[in-house]
Amino acid sequence: MKINIHKILQAPSIILLLLWMIVPLGMTLYFSFQRYHLLYPERSGFAGLSNYDFFLTDPALGVSVLNTLTLVGGVIVISVILGLGISLLLQEAFRGRGIIRILLISPFFIMPTVNALMWKNMFMNPAYGLFAYISEIFGLPVVNWLAELPLLSIIIMLSWQWTPFALLIFMTSLQSMDQEQIEAAEIEGAGFWAKFRYLTLPHLGRAIGVVVMIQAIFHLGVFAEIYVTTGGGPGHDSTNTTWLIFKQALLAFDVGVASAGGVFAIIVANIIAFFLIKTVAKGMGK
Amino acid sequence: MIIGYRNMKRIKHQTTVLACCILAVIFFFPIFWMVLTSFKTELQAIQFPPVLFFEPTLENFSIINENSDYTKHALNSIITSLGATALAIIIAVPSAYSMAFFPGRYTKDILLWMLSTKMLPAVAVLMPIYLLAQWSNLLDTRIVLIFILAMMNLPIIMWLLFAYFKEIPKEILEASRMDGASTMEEIRYVVLPLAWGGIASAALLSIVLCWNEAFWTILLTAADAGTLTALVASYSMPEGLFWAKLSAASTLACAPIVVFGWFAQKQLVQGLTFGAVK
Amino acid sequence: MRKSIKILASSAIIAVASSTAVQAGELTIATVNNGHMIKMQGLTHHFEAANPGVTVNWVTLDEGTLRSRVTTDIATKGGQFDVMTIGMYEAPMWGAKGWLNKLEFDASYDTEDLLPAIRDGLSSGGNLYAAPFYGESSMIMYRKDLLDAAGMSMPDNPTWGHIQDAAAAMTDRANGVSGICLRGKPGWGDNMAFLTTMANSFGGKWFDEDWKPALDSPAWNHAVSFYVDLLTKYGPPGSEGNSFGEILPLTQTGKCGMWIDATIAASFISDPAESEVADVIAYAQSPVAVTSRGANWLWAWSLAVPAGTEQAEDAKAFVQWATSKDYIALVGKELGWGSVPTGTRASTYEIAEFKAAANFAEAELKAINSADPSFSSQDRTPYQGVQFAAIPEFQEIGAEVGQQMSAALAGTITVEQALYNSQAYAVRAMKRAGY
């Protein structure tokens, strides 16, 4: 009886997601073996592996996978470390903490395209940007961020947006920390690091797992920020796998190759997720 | 000796507060600067060195008001974000409850599989989704956006709810069950109140993600269902000077969700009760 | 909690119930967010008043997003738009495929009045498929005060060598003035639009007669080397991120001695309300190396009616209204003669009020008339287009080559390497496409 009701409870989410996955994925798989070019509707039919062959021999493929990993890894490391640090600082009670918290979380509510356009135009622009101005004040050479350090620039934009997300999750999780345990540890003379290492970190394990997994999923598909800033360049310096697929889907309009790229992206994402689960996300579902 | 300890504590306290303030200023500064720029003229916006003090103008906002239908876009954003979140939460709560308290052999695998449905980049499924929407006559409707956004966020909501539900001590549920509560009663009277903060934060996250989704909301809509992301897209890279106008459009597009987020987070962080229950 | 769930649920129901259906008499028009289009939106009530029962809905997007959006829609027969804003790249291709309605207007429209180069660029097989809303070419805009101070002059058809000398003379790093500003931001409509005209003039082309990519030719090497050298020595910092939108403010604040870009820029930098150098700006034709053919580009943002729209008649009526002589007169009267959309009709350049308001009119008309999309390089090419090749593969190839050129400009790779990569990429894409 119990088992039945749980099947019923779980069914809607599983069935809907199954449909949501299988239908587009099935179509993507099918298209990936077809000649399907939006601008050549007359060309059709079975394409064999030629779409895969074309996508996988793209000269930028290797770089793009590397960039994808750097991007995902960089943003996760920065946002988790900063998020942890700030959430611990905010444990201290003081007047105006609510406002500070609000200010710190706000970047997460900004649209990704707005975020990228703002950084690009108002901060990183070498002629008018605030960074250029600050460099000038200190007599430093002006850095042309998006041309010289394109990937780092995008990592900065994403970290600015996603650190608040990590912070939000960590703060929520820290609320439920056992204060008595901490006080007991303090009485026994435990220092900050000891408390952090043996009490806080284990308590936050699951929260960190959630943050890492969700961010990994989002950053694997980063697109809007690249679209409005670097366009994947200069050269291929900020091209990730999603960008390669975008070029095939919305510049070349070759649905067949774009679909093959999509299948490739799923495989890469699953490999990354597999390793993430092995290392970080062990805390989940204990 | 005691005074020294107190002093140290005070210094530590003050340093912490100072650090928090500095961090808050750094993180909030870009938003402040964007809002400030929205009140500049286009020429002031590109002035170098940047100007901090100037006579504010409302010109940018009135231009946007004249050229675009802000209310329509905002309404579409509100309806699709709330609708998609409601749909996803209603589907997710029972499932996550069941998976958290009565995990089966495959529960962990199912959860991971759910997350993996998000790994297909949106650009790669543009054509399938576009064609499906077209065949079902749903292009440029809010229904299709609600459905897509709900499906996109469902895995994340499942994960968050699962994690939050896991924090509820099982003993409480067992007690209620001994009192003869049915499963639905248990969800309604025991789980929901205890997990309120968790559900609220998952819903908040989902609303924010829906609000800011800028791929499907632009590529599947035309004149009717376009959200605020489409409004921003219409000011993002025009000919001529545009930083001030873009800032104004962005301010208008982000303001509702930022303000909503402010209120929600206060509720959220203060209203959390679960986990603290012993 | 229950209350909030109720609110969420009811809002979902409202959302579902209130989704609207397309109504007859409602035109949906997709357009780019350029100034002339924004003005057109503001004047649409005149059209609606003259056509009772027809209302117009606008979908305004940035150029790249618009292109993705309308191409997806027209290729899948999505039917979301009744009028689309497209350019010279799309119009002949889509027209030939039968995706656009032929545009045949009555005598009052005076099709013959459309500038021949523009009309040809929007036609396929002798049929007009898109009506030009505003047209543009490229030309030199320069600060006459700086050039005079340097004791130099600007001939109407300068050579690239002369431009180099002038750039050197005008560069004044201490005062933040760069001798020349040029596009460097990657994109087939950004740096490649400019670089293609430059390469054309150096004798280069995108594809030879057998559709073999020709980016590894000496002409391209000369052109790109010259370009990189020029911008590195006399260009503003961060040129590899500059396109129209970025250079415009630089020029308006007097930081560029010369700027070679779209003729439409002239209306912005000659406007004293937003430009500090309005009274010292002068114009000349695009510089020339070995041939003047293809040295300046040609583009027209145009309105087209997709085949299969249910409101073809109303849509055509709108296109006719927005691209008519009357519309130009309407803008002139309501918003001032400096604001009229130019580059489409010969008659516009005969209006005295317009000539008085636009000091760039003559240079612009000359530039447009000198462009020929069907013959734009030293040798014959198999493709249409001055600064692009009107084939479906071009967007992707152009985007990639644009990235390579931008990397060469940034100095991360050499010009030789950039052109080698570009050629390899183009060969691959063309082979895939079955050429």
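Things worth noting here:
Letters A, B and C name the chains as they come in the text, with residue numbers starting at 1 for each one.
Convention: contacts are C-beta pairs under 8 Å (C-beta built on N, C-alpha and C of every residue); 3 or more make two chains touch, one makes a residue touch a chain.
As the structure is a prediction and not an experimental result, all values here were calculated from the model.
This structure's chain pair with the greatest number of C-beta contacts is A-B.
For subunit B, the chain whose average C-alpha position is most distant is C.
Between the CA-based centres of subunit B and subunit C the separation comes to 37 Å, rounded to the whole angstrom.
With centres set at the average Cα position, the gap from subunit A to subunit B is 15 Å. Multi-chain contact residues of subunit B (touching two or more other chains): 46, 126-127, 131, 233, 236-237. Contact with two or more other chains is made by residues 64, 68, 72, 76, 249 of subunit C.
For subunit A, the set of residues touching two or more other chains reads 38, 127-128, 250. Considering their complex, residues 2, 5-6, 9-10, 12-14, 16-17, 20-21, 23-25, 27-28, 31, 36, 38, 86, 89-90, 92, 94, 97-115, 117-119, 121-123, 127-128, 130, 132-133, 136, 160, 163-165, 168-169, 171-172, 175-176, 206-207, 210, 213-214, 217, 220-221, 223-224, 228, 241-242, 245-246, 249-250, 255, 258-259, 261-263, 265-266, 269-270, 273, 277, 284-285 of subunit A touch subunit B.
Within the complex formed with subunit B, the subunit C residues making contact are 1-2, 4-5, 8-9, 11-12, 14-16, 18-20, 22, 26, 28, 30, 32-35, 38, 41-42, 57-65, 68-69, 72, 76, 78, 80-81, 244-245, 248-249, 252-253, 264, 268, 274. If you check the complex, the residues on subunit B that touch subunit C are 42-43, 46, 66-68, 78-80, 82-83, 85-87, 89-90, 126-127, 130-131, 134, 139-143, 146, 192-193, 196, 199-200, 203, 218-219, 221-226, 230, 233-242. Put simply, subunit A touches subunit C in their complex at residues 37-41, 54, 57, 59, 125-128, 142, 144, 146-148, 227, 231-237, 247-248, 250-254. On the side of subunit C, the complex with subunit A involves touching residues 64, 68, 71-72, 75-76, 93, 97, 185-187, 236-238, 240-241, 246, 249-250, 255, 392-393, 395-396, 399-400, 402-404, 406-407, 409-410, 412-413, 418, 421, 424-425, 428-429, 432.
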